Structures are given as structure tokens and as C-alpha cells.
Amino acid sequence: MIDRLRAPIFFALVAGALLWTGLNQSWNTALVIFNMGLISAVMSLGVNLQWGIAGLLNVGIMGFVALGGLAAVLIAMPPVKEAWNAGGGAILLGLAIGAASIAIAATAYRRMHKGLLRGLALVVILVGGFYLTRIIATPAIKAVEAINPASTGYLGGLGWPVLIAWPVGGLMAAGAAWVIGKTALGLRSDYLAIATLGISEIIIAVLKNEDWLSRGVKNVIGIPRPLPYEVDLQKDAGFIEQAASLGLDPVTASTLYVKLGYGILFAVVLLILLWLAQNALNSPWGRMMRAIRDNEVAARAMGKNVTARHLQIFVLGSAICGIAGAMMTTLDAQLTPSSYQPLRYTFLIWVMVIVGGSGNNLGAVLGGFLVWFLWVQVEPFGQFLMGVITSPLSDGSFLKEHLQAGAAHMRLLTMGLFLLLMLRFNPKGLIPEK
Amino acid sequence: MDTLNALVAFSNFVAIPAVAYGSQLALGALGVTLVYGVLRFSNFAHGDTMAFGAMIVVLLTWLLQSWGVSLGPLPTALLALPVGIIVTAGLLVATDQLVYRFYRKHKSPPVIFLIVSLGVMFIMNGLVRFVIGPGDQRFFDGQRFIVSVREFKAMTGLREGLAIKTTQGLTVVTAVIVVAVLFWFLNKTRTGKSMRAYSDNEDLALLSGINPERVVLVTWLIVAALATVAGALYGLDKSFKPFVYFQLLLPVFASAIVGGLGNPVGAIAGGFVIAFSEVTVTYAWKKVLVYALPDQWEPSGLMQLLTTDYKFAVSFVILVIVLLFRPTGLFRGKAL
Amino acid sequence: MSEPFLIGDSMTGGYGNGPDILHDCTVAVEKGEIAVIVGPNGAGKSTAMKAVFGMLDVRQGAVRLDGEDITNLSPQDRVLKGMGFVPQNNNIFTSMTVEENLEMGAFIRTDDFSETMEQVYHLFPILREKRQQQAGELSGGQRQQVAVGRALMTQPKVLMLDEPTAGVSPIVMDELFDRIIEVARTGIPILMVEQNARQALEIADKGYVLVQGRNAYTGTGQELLADPEVRKSFLGG
Amino acid sequence: MIKVENLHKHFGGFHAVDGASLEIAEGSITGLIGPNGAGKTTLFNVIAGVHAPTSGRVTLKGEDITGLPPHELFHKGVLRTFQIAHEFSSMTCRENLMMVPAGQSGETLWNTWFGRKKIAEEEEALRAKADEVLEFLTISHLADHKAGQVSGGQKKLLELGRTMMVDAKIVFLDEVGAGVNRTLLNTIGDAIIRLNKERGYTFVVIEHDMDFIGRLCDPVICMAEGKVLAEGTLEEIKANEHVIEAYLGTGLKNKQKGAA
Amino acid sequence: GFTGPIESTVAHMGPAADLAIKEVSDSGKLLGGATVTPVHGDTGCIDSAGAVAATERLVTADGVKGIVGGDCSGVTGAMLQNVARPNGVVMISPSATSPGLTTAEDDGLFFRTAPSDARQGKIMADIMMDQGIESAAVTYTNNDYGKGLADAFQAAYEAAGGTVTLSAPHEDGKADYSAEIGALASAGGDRLVVAGYVDQGGSGMVRAALDSGAFDTFQFVDGMISDKLIENFGAEIDGSAGQHPSPSPELAARFKEIAGGNGFEPTYAFAPESYDAAALILLAMQAAGSSEPADYKSKVMEVANAPGEPIQAGELAKALDILAAGGDIDYIGATGVELVGPGEAAGNYREMTVEGGMDKTVGFR
């Protein structure tokens, strides 16, 4: 009985927390948290699919999220014509050669017999391909990066509407996941974890260092939006009128309008994904996946193609993370590779899944909202807590100053405390698997 | 002569730093591996445990230095180590009692432990910054070099110099000793065996009269010692800065895993594999080749296989390749 | 009648917060005797053993060893009191060698146990051959032998075995029963669960038939073997 | 039906299966006995694709199936049970059975979204079938219990139950009897005979209970040290000196412990 | 940015800004006695989403009228586009120096008291050429700051005839820099240009270079120059040089004086800039006679630049008086603020060298 009520109660709680934020802080804040909460929920849905349902320990979420972000740049930014002229073709050719050499190596690996010859052939093909790629692409890359480096210096994107980047982000993440899955899915638990963690670091390294692709650490800013700009709204007479009729000043109205717009877009994506995930989970497919998670050996013996299923779910879960990544970059309107940190984009998502209840889609979604809410709100809370602790101390005392200087670090501490308390009283998550 | 110069350049920029860094990683990896081996979870709080232990050592060293105590050529911090270990052990045991014990009782699966350790990490992280602040702290004293570049050049008359730092020497020696002792302890002593038994099958260990709480306690004590030693040595060699210890976690885990989780010898091997792969693949071989090759072959470019941008990528690629051919690491680790 | 050496007296209990599995169930064994528990699958035999060993909550009733109430002792304290137990599943340390498994059996002993180990090797010669092999790599029957060997290493005052002969070959089974008789003769009481019920009851001084967590029949081994009802329902005709 | 030719399986330097050759006739119930560690389970594992053989060949009706992965063998009708029960511990007993049949339309993601009606129908049928099997194994009351929380013997029953969910051609049973109540074992024996007679399943049975072997199996193969030691009817085997020495023994020395 | 990679620098920036605010508040002269309360938000330096959420909270919940921040260029861009512009709030960043921000669309809301890195690159190249150093290796912290600076330097240096043997990034806060040093040493060069942070990888790189004998002298950028650098290396880096935005020793000394004892290190990079950023916001408010960003944003440039009465750090009360009386001021502040182009500091640079383990001023550019 209580168990049935858990989900509604907790979701009501989160809604309440957002309402509280809206009333006490501001609706804009509440909406910002809500929007990132939606994105977080999508990510944790993807991770839950992989871990909660298939038992795959993917600690490379960050990489897939970043790929989604890259998709937003590649789709939505306007192309940089001079850069294309300077070396776009050569770069693509170089990449194609690189890809081809890997493909050839893979076929050689399969066709040739085990032995020294094969090893040698592989090395020759791969190293040769690598150098050929470099020879062709390096000058082109230099040329591209030299074009107005402070504001472009990259190839730019396709200039399409950014919404297209969402599915494309999913596809790119899926593609990467497919390659990774093909090679690394044979690994067990923690070993797979560190492999994925490493691969995600590699993806970030590429984003940071390949300036021609997405400006590297110089960031791409001003990615076009799917929604109107606040400043434009504020100039739109019709909008101002409508806002006034609601009793809002144009600034508040425009900011709320845009955030609400994002919220609706994200919510639609989340609901669709949730519907798909729920149906999949509560079906023979979900049963098969749980069987595989419980006991791979037996599942194999019962005719289930464990390898293929693992690959399938790894690709799907990663694709969802990619979609979320594209959504996030759309919301931020910029891609900042150095902001991708495992703590934030991998471990925090894991915390969401586990706190919410792994194996349960609703739990994952709840965890996404709740943990994100805490992550944002914990900071003022930490300062508040510090204030309380130091209030009995006399002003200007060394201890007080020291403690207050440390208040900023209370965020992590408080977050840790919340996490531990939450897990202490709900070791299986807030909405556990049935 | 030129070959010698090549060799020295190679040692100075590749071999020595890699060995020292490898030992540093190995010391960290030992702690991770031990927790994994006995308590069966990936302890993400280990980096911050190292930071905590090192912090205590730093504070004590300052105290000692203010008293004018010194160890001659060796860093004073070595004197502070034992106390640092004790305080860290206290912290870990308290954490265990307050946090982990509950999940052990409930027989929670390893990921729950992992996530819990993340929570612990957050808290320790805050704690350390809170006490000592986020900045750089220096506490090294004593003689900086065993051999310095200038001395070496003067001594040998070579064009290339060679430096070995005291801390590098200390780290390598400590790592080797610690591994040997740990290996002996786990495989030959009664307590060590009981720890392995506990990690293998908790219920059955209980039925054999092994006191699980004692095993856990001993494990944390050793982990405290390892973390403090590793943290302090690392801090001596570079400098103490809380955030770096968190960053260290990644290569440390990579080392533990390449070597095979749960296996102390693997931790050492893994540390070296990671360190060497990082340094060698991104090294610009020009300097060495200039000496080693006849003049007419002198390389025009830098002879760098990959730019250092991809340093981490390299170590992870190596890691993935190792795992593909030996799925549980070089030294056959555990898989949960 | 004096109190038996080890008795689980009118135990009622179950796993965690789950329903009761045992209902007022009594099992006991005297010094030097062999007591055998038989019954259909899921009757609660293993549960009863675990209850006696303190591995689950006994909600009503008591467990007494040599007259002393040990109901509230932890399993580990019971080991110290001289109880040895071979569970039905997960009964070896898979990542340790055979020899280390045996050493762990002798963990609480402070005297020299090499002689006992010699005896175990004598009993199960295959283990001597495989002493340096990881126990997890052994065949099913070999594992079972390691498990029993481990318990024997404790030199317990009372030995509890949950299906020690499951999966062992006839020749080893005979050896094992022989050895069990020998051990019992030295005065150590043995409480065991068996599905090879016929052979087991033949050597049993006392037999318990459990059905759905309750004592259904109790008697000497021979009595139970002779009881047509018992034969038909549990011994396969 | 299955032909094993000069099969070797080495673990490091240890020869677990060391040149075994045998043939399983279609429609037979073949018993496989042998001392602990003889290599019986390893042989099963090699045939079932869990281990790759070091050398040798396995054929199914003339088709080479050496080294095929387990799930492909399953689709060819080769099933096996595990000596140490491999249940799906967090799923209910019924689900443990329902997951078995291959080709369920609900196992394709597309159908779980857009073919829900068909799935519902199939599930209905599967459920009925699973309940029937549970009934047969006398564990209907456990249908909704988590498989991880049933007794040791019950897990073994589930193992067997899974093979009854599909139309298999050949079933390898690894000690289904160990830990199973003898009366129930007899019923299981009856079921095996019935499946064999009525549905034409071929069985290979590893078992240490000679009564059970005797009631079911003809022929019986005895393995020792990775090789086939003897082959024939149980009577012949029982009379074989080597088999007695290595495997059967001569019975209890201290038949009655009352002697003390 | 109280947590994350540059957290130790930021620890001195927040209090510096607070100091200016306190000074103004205490004077009781702002807009006829208004008090100003600082509210802090953590951008995390690298977590755009987190920074946006925090800023959003500051602006919409706490109702701040102006923002001193953000710290790192990446998040600053995000804050500007997602919060400041939509809400029309003025942002003055004391430390975001990325050249990219120069051209960012800002509706006249964004200013910085730190100069763009493009300028520093040029100056650094000049300094080195003047010293006759014609080949150098560069290592930069791998973010928009380091990369931008390294690129700017390389372009200027090569244009002036210098050679960059290798320009290699280093990641901040990593465990080991042997690989980077190995590569740089092999590439060679007369000097190693360190475009990083002193309490980050920058020091790590210098340490590793010294220890292995790869380089003896260095050229430091603003992120590297502080007392900490001297404290860390002292005489070991004798002969090294550097430059950082700084008005004149008098101003610096003055700021040190008024800032002492306020719980931060006034010489830390960007601490004076933070002070100035906060002061500028408040003075602009005073000048506009309104705390509404829409009203005072246009005044920022006015109060910052000539003509008018020069105002130094610590003289905020005086400035408020003048403004209240309708007068004009030229805010000099702690760093000699002079805003150019779309509102960024023009940048006066101090050229320094290390001699006998001491920081020695060579001149100003």
C-alpha cells in the first residue's frame, strides 16, 4: 500500500519543492531548476536502462552527453565558408582515410589467421592510416584554425534548426556507443566501468583539442535557439500587451515565456522516452533483460543472445544520454568542453539513478529531479547552515572568519550529507524496483 | 658519448619520471585495490582520504618545523607520518561505523557502496578544504635532490643532465616495500588470509569463526596507512592541493584495474603501465634521437607520436587494449 | 530424560521480515549420535539448520547447547562454542586454494592442525592432489568434499551438515558416511540434512521428517525406514 | 544424434576432458556417470558451447556444432541444466519459466511499443504453460516467489522446469537429482520417460544415484579422468571392475554404527 | 566559482568585491544612503548549467542589480547569454579575459575590468623580443584563457620574428606533468612561456621543468604572477620574466594598504579587478541616480574613463559625493581602470623579472 503510494508522494514532494522555490525565490529560478531537472531525468533514464535494467556499469555518461552537445553545434551553427574553402574537404578526406584504415584493419583481423603476420599487418595498416590521415589533414586543420581564431577558426555547422540536433545527438551517441560496445562490452562490471570512463575522457579530449571541429576550449557560443529571444519579445508590442494583461512586466514575462517554452519541449521528450521505456520494461523484452542481468550464463543457455542484447541496450541508453546532451547544449546555447567533468556529468547522474531507485524508470526520473534540485539549492542551504553554526561566535573571531570562508565548500559537504541520509533511509532508492 | 647522452636524456625525461609517477599511482592503487579486494566495492573516497591523510601530515609537519625539528636530508614530514596515519585511521573507522556498516548489515550490492562512497567523498572533500583551504600548501624540507642536473653534468661532463629527487627515491622504495609486505601479509598471515576469506564468502567466513568486524577494521587501518603514506609522498613530490587528489583518483583506478582489481602486485604493475604509456607515447623523441642516430638521419620534426593533448587518452586506450586481451587485468583480478 | 546435547526447541521463525517458515519445529541430537532431517524440498530443513546456527531470527522457542541457552548468540560465537556447520550452498571459498580453505576451517584453532589436515586428505585423497588449486575450479563433488573437510578441520563439538552428499559419487558417499559414523563414535553429535535419505536413515540414531516447517514424524532411523507412509512420501517408495 | 569425437579440454596443464569420444543415439536416455572430477560437467560445458574445446569435434545429426555459442545451440534444440542451480534470482519462479521460449514477439522492442495486443495474447499462453510446469514440479505455490529465495532443491526443480517450456530435441541434465527429494525424483524420472516416449526428446543424464540411472537409462557411459572408461547397460557397467574401483565402491564398511 | 578549478584564486576575489561594496555601504552615500548587500553564487567555473542556475537565483530570487562575475570565461558567456541579457542585468567580470567575449552580443550589459588576452599576448611577445629571446616553448592551461593567450602570443611572436618550438597544453589539477615537460624539453627553446595559473598546473609545470632541468627561465603571464610564485620558487627562477595587467606600483601598494586585513590576499590575481568591478557597478548606479541596470549600464563607461576627477581605491566615498553633486569622475581604482572598445579594460601591464628570488618591476607598458 505504502509502496504504491511512494511514487505519487515523492513526485508531489518534488513539485512542492519547485513551488516553494517559485514562491520564495522566484519563478524563473524554479523554471531553470525544472528545466535542468527534465534534462537530468532524461539522462538518468538512459543510465537506468543500462544499469538498472541490464546491469551494465556505464561510467562514461559524460562522453555521450558531450557528443550530443557537439551535435547541437554541428547542426545549428552557421557554416564558416572561408574555413570550408581553406581546408574543409581535406579534413573530411583525412577523416575518411582514418576511418577506412580502421575498417580495413578490422576486416584483416577477421579474415587473417592468428599469428605474427596478422599482428604485423594490423600495425602496418593502422600506423600507415594514422600517418596518412595526419599528412592530409594536418595542414588543412592548420589553415582552418587560422581563420579568425578569436571568433571562428572552425568549420562551423550546417545552419539547420537546432531541434534537429536532438535526434542527431542521439544518433551520434548511439554510433559511438556501438563502436565502444563492440569492443568493450565483453568486460565485466568494474572493468567495463573504467573502460567507459576512459573513453568518455577521450571524447572530451577530442572536443577540447580539435579546434577545427568545435573550437576546442575556446568554446562555441551563441548557438541559435528554437525559441524567440527575450530581448526580441520585450520589443514585441503584442507580447508586451499580453504580458500586461496577465499582470506581468515585459522582462519577467519574456524570461518566463522562454523558460516555459524549453520546459514544454523537454517535457515532451521526457514523456515520450518514459513511455517507451516503461512499455519496454514491462514486457517480455524487459523480462529477458532482467534475466540477463541476473545470470548471464543461464540466459545464454536459454537461447538469449546476451552479447547482442547488451549492445542494443548500451546503444539505446547512450543515445538517450546523447539526446539529453543536445537538449542541454541547446538550453545553454553554448558548448564549453572544459565544463564536462565526470563529477558533474557522470557521478551526479549515477547518484540520481541510485537515489531514485535503480531498475525503476519512475525512480530514475524522480532521482533526476530531486538530486538536481538539491545540487542547486544546497549551496544557499550550506551558507545558511554556516550562518547558524557561526552565529554564537563573536564577530571577527578567527574561527568565525575561517568557518565562513569555508562556507563555499559546504556545498559538496551538504550534498554528501543529503546523499548519505537519503541512502540510509532508502537503501534501495526512493522508488525501488518492484 | 652520444649514446650515453641519449640514454641520459631518456632516463631524465622518460624513465625516471615514469617510474616515480608509476610508484605514486601504485601506492594509491594499492589502497583502492585493498578495499575492493576485501570489502568488495570501488571506493571513490580514496582520493580524498589521501588528501585528508596528507593534510594531517602537512599540519603536523608545520608544527614540527616551527619547533625546529628536522630530519636532516630527509623531509620532516616522515616524522609526522605515524600520527597522520593514526588520525586518518580514526576517521576511516568512524566513517565505517557511521556509514558503511549499515549497508554491510543489509548486504547491499556493490554499487550502493560505490555511491555511498561518493557521498563520503563529497564530505571528506568539503572537510579538507574546510580545514586547510583549497590552495597549494608546501611542507617539503630537507634535501631536494639525490642527484641534480647540475651536479650530474659536472660529475659526468655529459651534455644532458639527470635529476633524481629525494621524494622520487622515497616513493619508489616505499612502494616496493609496501607491496612486498602487503603481499606477504595477505597470503601468508592468518589475519591476511582471513581477510581474503571474508572477501570471498562472507557467510562462510562467519561460519569459520572469522570476526567480520575485525577484518573490516584491519582493512581500514591498512587503507589508512596506505592512503596517508601515498598522499604525503605525493604532496612532498609535487605540492599539497586538495583538488589534485580528486583528479588523481582516475589514473589510480585505471592502474588498479589494468593490474587486476584486488591484486596488490597488479596495482604496482598497473601503475607503471599507466605512467609509462602516458610518458612514452607523447614524448618528443627528437632529443633522444638526435644523439642516438647518425647526423644525416637527424629528425626534422619533433618525432612525437601523439601530442600531449591526448596523454590521458593514451593511458585509457592502453587500458582498454589490456582489458580486451586480459579481461580481468594483467594479474587476474576479481570481478564482482 | 535428560536434555539432548544440542537442541533447537520448538523453533518458529523466518527470513528477514518474511512469513514464518518454521512452525514450532524441534530438532535435537545427543552426544555420539547421528540425527538426520529429511523431508520434501522446501520443507524448511535448511532453514531449521540455519536457525539452530543463529543465521536467522528465531521468533519463538530456543536453541540450547549442552544445557546453555544460546538463542541470542551470533553464529560466530557459536563457532567459538564448538559448533561446526556446512551449509547447502556457497560452502567453499572459491577464490582460495583447497589448502587455504581447510586452513580457514581451522581458523579458531590455536594448536597445530596439520594432523587434522592429514586426516582430511586421507579421507578425500583427491583434495591432496588439488591442494594448490583454487576451490572455485573444482568439480561439484570435489567442492562438496572441500566443504565437509573445512568443517572437520574445526574439530567441532557438534557438527551440522546440510546435504553433505549432494553430488558426490557413490564411492565417496560411502566413504563420507563411514567417516561420519567414525566421527560420531568419538562422541561428537552430528545433525544432518539428507536427500539420500535411505542411506542416511540407515546410519541414523534419530530421524526427523519435516513437512512445511513442522515436525511430521520423529523416530529412530530404522523406525522411519519401516514406516510405509514415510517411505511412500519421502523415500521414493 | 550427438557425436563427440576425440574431445579435449585443458585448463592450463590440467586435462579435464582428455580425448573423450562418444555417441548419443537419437531417442535414447543416456546415463553419464563417473567419479567426481571425471570431466562430465566439463564435457557438457563444451558441448553446450560454454567452453571452447582445446581440440576435437562435436556434431549434431552430422552438422558440426563445435564451439557454437550457447544461444545458437538452444535454437537448434540443444538444452542443458546446471549442476549448481543458475536461477534468475530477482525474478519470480513463473517469470523464470516464462522467459525461456525463443521467438517471443515481445522480445523485440518495436513490438513492445506497437504490438502490445499480440504480446498480451502470447503472454497468456506462456503463463498457462508455465503454471502447468510449476504444477507438475509441485511448486505452484511458489509461482510468485522470487527464485533467489526458494530452497536449494526447488531451484533444481526450476532448472528442470525451464527445459520443459520448449520443444527440445536433446536435453542435457546435470545432476537434476542432487538435493531433490527422492519421491519427487521418481516423478521427475517418470516425466523424463514420458517426454522421451511421447515427444521424442533425447536425454543425457548425469547422476550419482544408481537407482535413478537404473530406472531410466540405457545405455550408460562411465567416464574417468577425462576419458570414457566403459559403456553399456547399467548391469554391464556395474559389473565392470574398473568402474567399481573408481566409482561405485563396495558399499559401507560400517553399515551399522550401533556396533560402537 | 567558489568551487572548481580556480577555486583558490576565487577565494580572494569574492572578498575583494565585498570590500568595495562594504566601503560604499558604510559611507552611506550611495543613492542617498542605500545599503548594498553582496550575495554570492557559485558558478563552479566550468559547470555552465550550474552557473546559470546560480545566477538565475541571484538575479530573479535575490534580485541583484549587478553581477561581479563570472570568473571563468566559459561560464561567463553562459551567464551573460542566459541570465544577464534576458533579465537586463549588468555584469562586470574581473577575470574573464577570453578574446571571444569581446565580440559577444551583450546589449551593452557586459563589461570587464580585466583586459582581453589578445593584448597581453602582444605585449609578451614584445617583451621577449626586446630581451632578445627568439625561440621559446609555450605551455598553456587547456582552457579558453590559456589557449587564447597562447594563440595570441604565438601570432604576435612569430610576426615579430620569433619561433615557437612547441605549444603544448597542460590540464589543470592533474597528477603529473612529466609527459608535457618531456615533450617541451625535447622541443627546446630559450625560455618556457607559462600561460597558466600559479596555484594550478602552471606551478606544476614550472616545478617539473626545474626539477628535470628542462628549462631554467620562464616567461609568466598574469595568471602566474603573484606572491605565491615567488614563495613557491624564489631564486630557482632567477632570470625569468613576466607581465600582468597592473597600473603602477603606487596603485598596487595603495590597494594593498586598504585591502589588508580583510581576509584575502590583495596581490592575488584578479583580486583588485574584483574590487574595481564591484566599485564600477556602484559608481555607475550613483551616476545614473538609479540602481536599475537599464538606467546605469550606460554610465559604466562614463565613470570609468576621463574626463573627471581621478578616483583611486579607497576613495569611493569621495566619488559618490562628486557624482551625487553631478560632477564627473575618472575611476582609476585598484588597477587603473580604463575601459576601451565594447567595455573592456585597456590594460596597462607591468613588466617584471625575478632577481635574487625577488619580484622586480622593470617597467610598465
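As written, the chains take the letters A, B, C, D and E, and residue 1 is the first residue of each chain.
Definition applied: a residue touches a chain if its C-beta (ideal position, glycine included) is under 8 Å from a C-beta of that chain, and two chains touch if they have at least 3 such contacts.
Note that the structure is a prediction, hence the values are computed from the model and not measured.
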Supply the minimal count of touching-chain steps required to go from chain D to chain E. 2
Among the chains, which is located farthest from chain C on the basis of C-alpha centroids? E
Higher C-beta contact count, A-D or C-D? C-D
Note: chain C sits from chain B at a C-alpha centroid distance in Å of 46
Would you kindly tell me how far, in whole Å, the mean C-alpha position of chain E lies from that of chain B? 35
Centroid of chain C to centroid of chain E, CA atoms only: how many Å? 76
Quick check: how many Å separate the C-alpha centres of chain A and chain C? 54
If a residue has to touch 2 or more other chains to count, which residues of chain D qualify? none
Chain A: positions in contact with at least two other chains: 208-209, 405, 409, 411-412
On chain E, where are the residues touching two or more other chains? 7, 11, 142, 169
For this structure, give each pair of chains that are touching. A-B, A-D, A-E, B-C, B-E, C-D
Please name which positions on chain A make contact with chain B in the complex. 51, 57, 183-184, 186-191, 193-195, 197-199, 201-202, 205-206, 208-209, 342-343, 347, 350-351, 354-355, 358, 403, 405-406, 409-417, 419-420, 423-424, 427
Touching chain A in the complex, chain E uses residues 2-3, 7, 11, 40-42, 44, 46-50, 52-54, 56-57, 59-62, 73-75, 77-78, 81-82, 85-88, 98-100, 102-105, 107, 118, 142-144, 146-148, 151, 169, 263
Given the complex, residues on chain A that touch chain D span 276, 279-280, 283-288, 290-291, 293-295, 297-306, 312, 433
Chain A partner, complex, touching residues on chain B are 36, 42, 44, 99, 102-103, 106, 108, 110-112, 115-116, 118-123, 125-127, 129-130, 133-134, 246, 250, 253-254, 257, 261, 307, 309-310, 312-313, 315-317, 319-320, 323-324, 327-329, 335-336
For chain D, which residues are in contact with chain C within the complex? 11, 33-38, 40-42, 83-84, 138-139, 142, 149-154, 156-157, 175, 178-186, 208-211, 246-257, 260
